[in-house]
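Pasting the structures in now, so scroll down.
Across the two complexes that follow, chain A remains constant while its partner is chain B and subsequently chain C.
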Partner chain A sequence: MESIVPQLMANSIIAGGIYALVALGFNLIYGATKFFNLTHGVIAAIGGYTVFYITKKNDSLASFFNQSIGGTVFAVLIGVLCAALVGYLLDKFLYKKLRDRKASPMVFLVASLGAFTCLQAFLAILFTSQFQTLGGGAGDIVTYTIFGGIITEVQAIVIVSVVVIMLVLGIFLKKSLFGKSVEAISDDEHVAKIVGIHTEKIISIVFVIGSAIAGLAGILVGYDTGLEPTMGMGLLLKGVIASIIGGIGNVYGGVLGAFLLGFVENFGIWKISGEWKDAIAFGLLIVFLIVRPQGILKR
Partner chain B sequence: MEYIYHLAVLFTIYAGLAITLDLVVGYTGLLSVTHAAFYGFGAYATAILMTAHGFGFFPSLLVGMVISMVAALLIGFVLSRFKDDYYALVSFGFNIIVFSVFLNWQDVTRGPLGIPGIGKPELFGYTFSSTLQFLFLSAVLMLLVYGAARFLVSSSFGRVLKAIREDEKAISVFGYNTKTYKLVVFTLSAGMAAIAGSLFASYITFIDPSTFTLNESVFILAMIILGGLSNVRGAVIGALFLILLPEILRFVGFPTDIAAQMRQVVYGALLIGLMLYRPQGLMGEFKL
Partner chain C sequence: MHTLQTKHLTKHFDTVKAITDLSISFEPGKITGVIGPNGSGKSTFINTLTGLTPITSGSIGVAEKVELTSIVSNDMPVYGITRTFQEVRLFEQMSVLDNILVVTTCRGWFKSIFEKHSAYHLAIAEKVLKRVGIWQFHNKLAVNLSYGQRKLLEIARVLAMSEIGKAQVIFFDEPYAGLFPEMVKLVSEIMKELRSEGKTVILVEHNMDLIRELSDKVIVLDSGTLLAEGNANHVLSRKDVVEAYLGE
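Here is the complex of A and B:
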């Protein structure tokens, strides 16, 4: 029998890639607003289900979007936009109001928990609780073999997107005026406002960008494994854990944390049942919070 | 009529959970989302001891309380390092870890298959077998929990808890060891939550891990936030409302599978509405 190490490596990198996508958006939003945005996970699910609706569920739309590879790309774009829109609306009608009232982080947490529960139930009503996949049948999956580990085309896209988004976001936040504004808000929202930064507008944009990345993550999960309405919580918690162990508010830290989490999870279940993954992930989080609460890379 | 008794039993069980969680979240200001884990310890202790080891209900209830309290002591010890939203997040984590143990420690818990055939409580040769008899037992036990909680919060111990919630630094300046207080209330709350778990296991006669998920913890949290934090009576009213909610929705005419999701929509919306307009809940005295 061949060694399973290469496949475990491949699986770790893929899992890390998905977590990294969730962590990128989450980290960005956390940096500007300083609260655990639990709706981030369900926004990923909304992105996935939008693509599911226009390529699978609605027949007349499906015949349009399934014609060519361009149609699929277009569908993914619509999914991403939809996720971004939901993020924008949540900020405008919920989180902004709480910010105006200077609510405590716990109020934000509970309110986003409420929004999360609502949206997740809506998804279940619209699309049933069943497991759905976005991709085609198992026959036409393109795979690559790298150092003895097998990865699919979708998984390769995940890795490429993570690297591209991380670099673009990292450079954009570092060089642009927008990035400097985000940093200022992150340090002190009140002072940022006084020196003339349109804090509300910046936070709005942050929500749009963060949610769009989450939407992409949800769509890629849909193509890779599949969609279910409850997928949001799992994705979100992994994204949060990745952000915290990597260094919260730090773009590169979140990605680093995500890959570390992917490796620990996948090698952790080498000898035991896969159901332990979540417990391992939280175990890692708790160890980090006790030993190195600021994460690997400090902001 | 039988159905109303059934709802009443569920109500007493959840009221007990809500009251005990309120001690931690409402009175002490620690946003814990692990309560379903302690509920589960009680349920699993009763289920395993009664089916596999020939224990009676009441001894198993005591063992469940002890297990739950020991676990709470360990979990609370780790949690005591954190504050506010990090506290909530780590408590999320403990719920998921405990759930994984229920799911994966198959030699003991039978994993996803669950444990069927749990017996009914017996006291001095009298068996609480019908729903009405069971209701009587669960109501008595929950009144005891209610009384204990009322006693706790009106005592000097309770006043220290509230002081910790309002200003932990100030009260520690007066020489109170706040860590110990937080640990004690967390442990007591977990022990009493285990009673609800034992009752649930014996009442339904079947348990599996899916009852003790993170969602269940959120559900209990929603009860006390709705009823009002830091108010024992508020917790009871919140439990009553959220237990009756699915029935109301069914009465309105939603089919059963949609009604289950509508319940989530309604209580999610309630949480949002309360946070926006009335963060202290219906009759609470503490805003998150």
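Here is the complex of A and C:
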């Protein structure tokens, strides 16, 4: 009998890749603003549904974007930009106002829960609650075999994206003055302001970058498995667990945590029902919160 | 000429009357000592003038003409106001050098995406860190500095703000607390230098010898109100001032 291990490995890496993308954006925004941004999940869904709209729902747009591979790439780009725009607007018209009022973390949480619910409802109204896929039929799926495990083209793209984004973001934050400013805001926002750092502009850009990455995550999920208006919360929670166990506020930590989570989840259900996945994920979170609350890599 | 003045400035926290009806002006090229017993509102006074705590009532006059009833932190560098904190506040996870570079280099947010610090900014950072004598630790993380070194780094940050022209009015909230004697001397030299550069220096301090040595004018706060104001020797010999201090 063939071993199941290679396929479990492949599944773990793919799940980890998706969680990592969510964690990358979440961690970046959390680092600068220190609040639990629930809307991050629905922004991923918005990215996915934007691509769904222009490649599937709207026929005239679809005929344009589905002409060639270039069209698909262009559609993905628009999805990412749309997610970034929603992130930007949320910050500008909601979170910035709350920061100006020095609102408590509780207010931030409730406000972002409200925004999350609204946006999710909009998606359900516009696109129904039905499950939708972005990719073509099952017939034309390209697959690769790596060490005996099978992964699809989309899944390969997930993994390449994670590695590239992690490295680019990590180096950018470490080397650029912008990264230093983000770090300063993260350490002490008040002092950052009084020494003349343009904190609001920088936080805006952080929302744009973080939301763009979330949008990409949602799009890739759409191509890999499919879209549902309610997909945001699940994605967000996994991204958050990944961030916490990896080390919140740390770019590499979030990715490390994401892959650890992917592996534990997928190998955890090796001999038992798949229903256990979420219980295992949250169990891992609880273990970390008790044993190593700062995560694997400290900031 | 006044660079900073308050008019009927009041700050109440629920029931605590931290500051009540303070009208005070600060002059350039002078060191104003602010004294008063613990809890008399000295730090709160600074906090209201630097955007950390909102004002209950009254106003703040900056740069001669502008009259503010609220001041937010982002405005401080614009008006050339800067400060140190009684409990030192640094960018803990950044190196000593980066703590200064992030101050000297930050200009446009857009440029910051593409730009690193230039030799010019590095030179300023080196200069101010050498001035306070902690250049040899420039690669250390701020969080790993000793208590005294942390205080000095905060002073270096003020000097960096001054170098890039963003500090006309400088508040020091107990900068000497817990410093060794040789460091005390160094900080006093820096105060005098800033005064001779024409800065408006406001010094909150409990050590009366230092207040006598440095202050051109002294302000005494008691329970958030102005108890006395004037020449150091004169004010410190007043009976009510001595009593306010002893009576704490």
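The rule is simple: the second predicted complex is superposed on the first by the 299 of 299 C-alpha atoms of A that agree within 3 Å, B and C clash if a C-alpha of one lies under 4 Å from a C-alpha of the other, contacts with A are read in each partner's own complex, and residues count from 1 in each chain.
Definition applied: a contact is a pair of C-beta atoms (placed from the backbone, for glycine too) under 8 Å apart; a residue touches a chain by one contact, two chains touch by 3 or more.
The shown structure was predicted, so the numbers you read here are calculated from the model rather than taken from an experiment.
Once the two structures are overlaid, the count of chain A residues touched is higher for B than for its counterpart among chain B and chain C. In the superposition on chain A, no contact is made by A:Val160 with either chain B or chain C.
In the superposition on chain A, A:Ile194 contacts chain C only, with no contact to chain B.
In the superposed model, A:Ile171 lies in contact with neither chain B nor chain C. By the document's definition of touching, neither partner reaches A:Ile4: not chain B, not chain C. Look at A:Leu89: by the touch rule set out above, it reaches neither chain B nor chain C. When the two structures are aligned on the shared chain, A:Gly283 is found in touch with chain B, with no touch to chain C. Across the two superposed structures, the residue set of chain A contacted by chain B and also by chain C is empty. On the side of chain B, the complex with chain A involves touching residues 31, 78, 81-82, 84-86, 88-90, 92-94, 96-97, 100-101, 103-104, 214, 218, 221-222, 225, 258, 261-265, 267-272, 275-276, 279, 287-288.
Note for the complex: chain A touches chain C at residues 175-178, 180-181, 183-184, 186-188, 190-202, 205, 299.
On chain A, the positions that touch chain B within their shared complex are 35-36, 94, 97-98, 103-111, 113-122, 124-125, 233, 237, 240, 244, 272-273, 275-276, 278-279, 282-283, 285-286, 289-290.
Here chain C touches chain A in the complex through residues 50-52, 72-74, 76-77, 82-83, 89-94, 98, 101-103, 105-106, 108-109, 111-117, 157, 161, 166, going by the rule given at the top.
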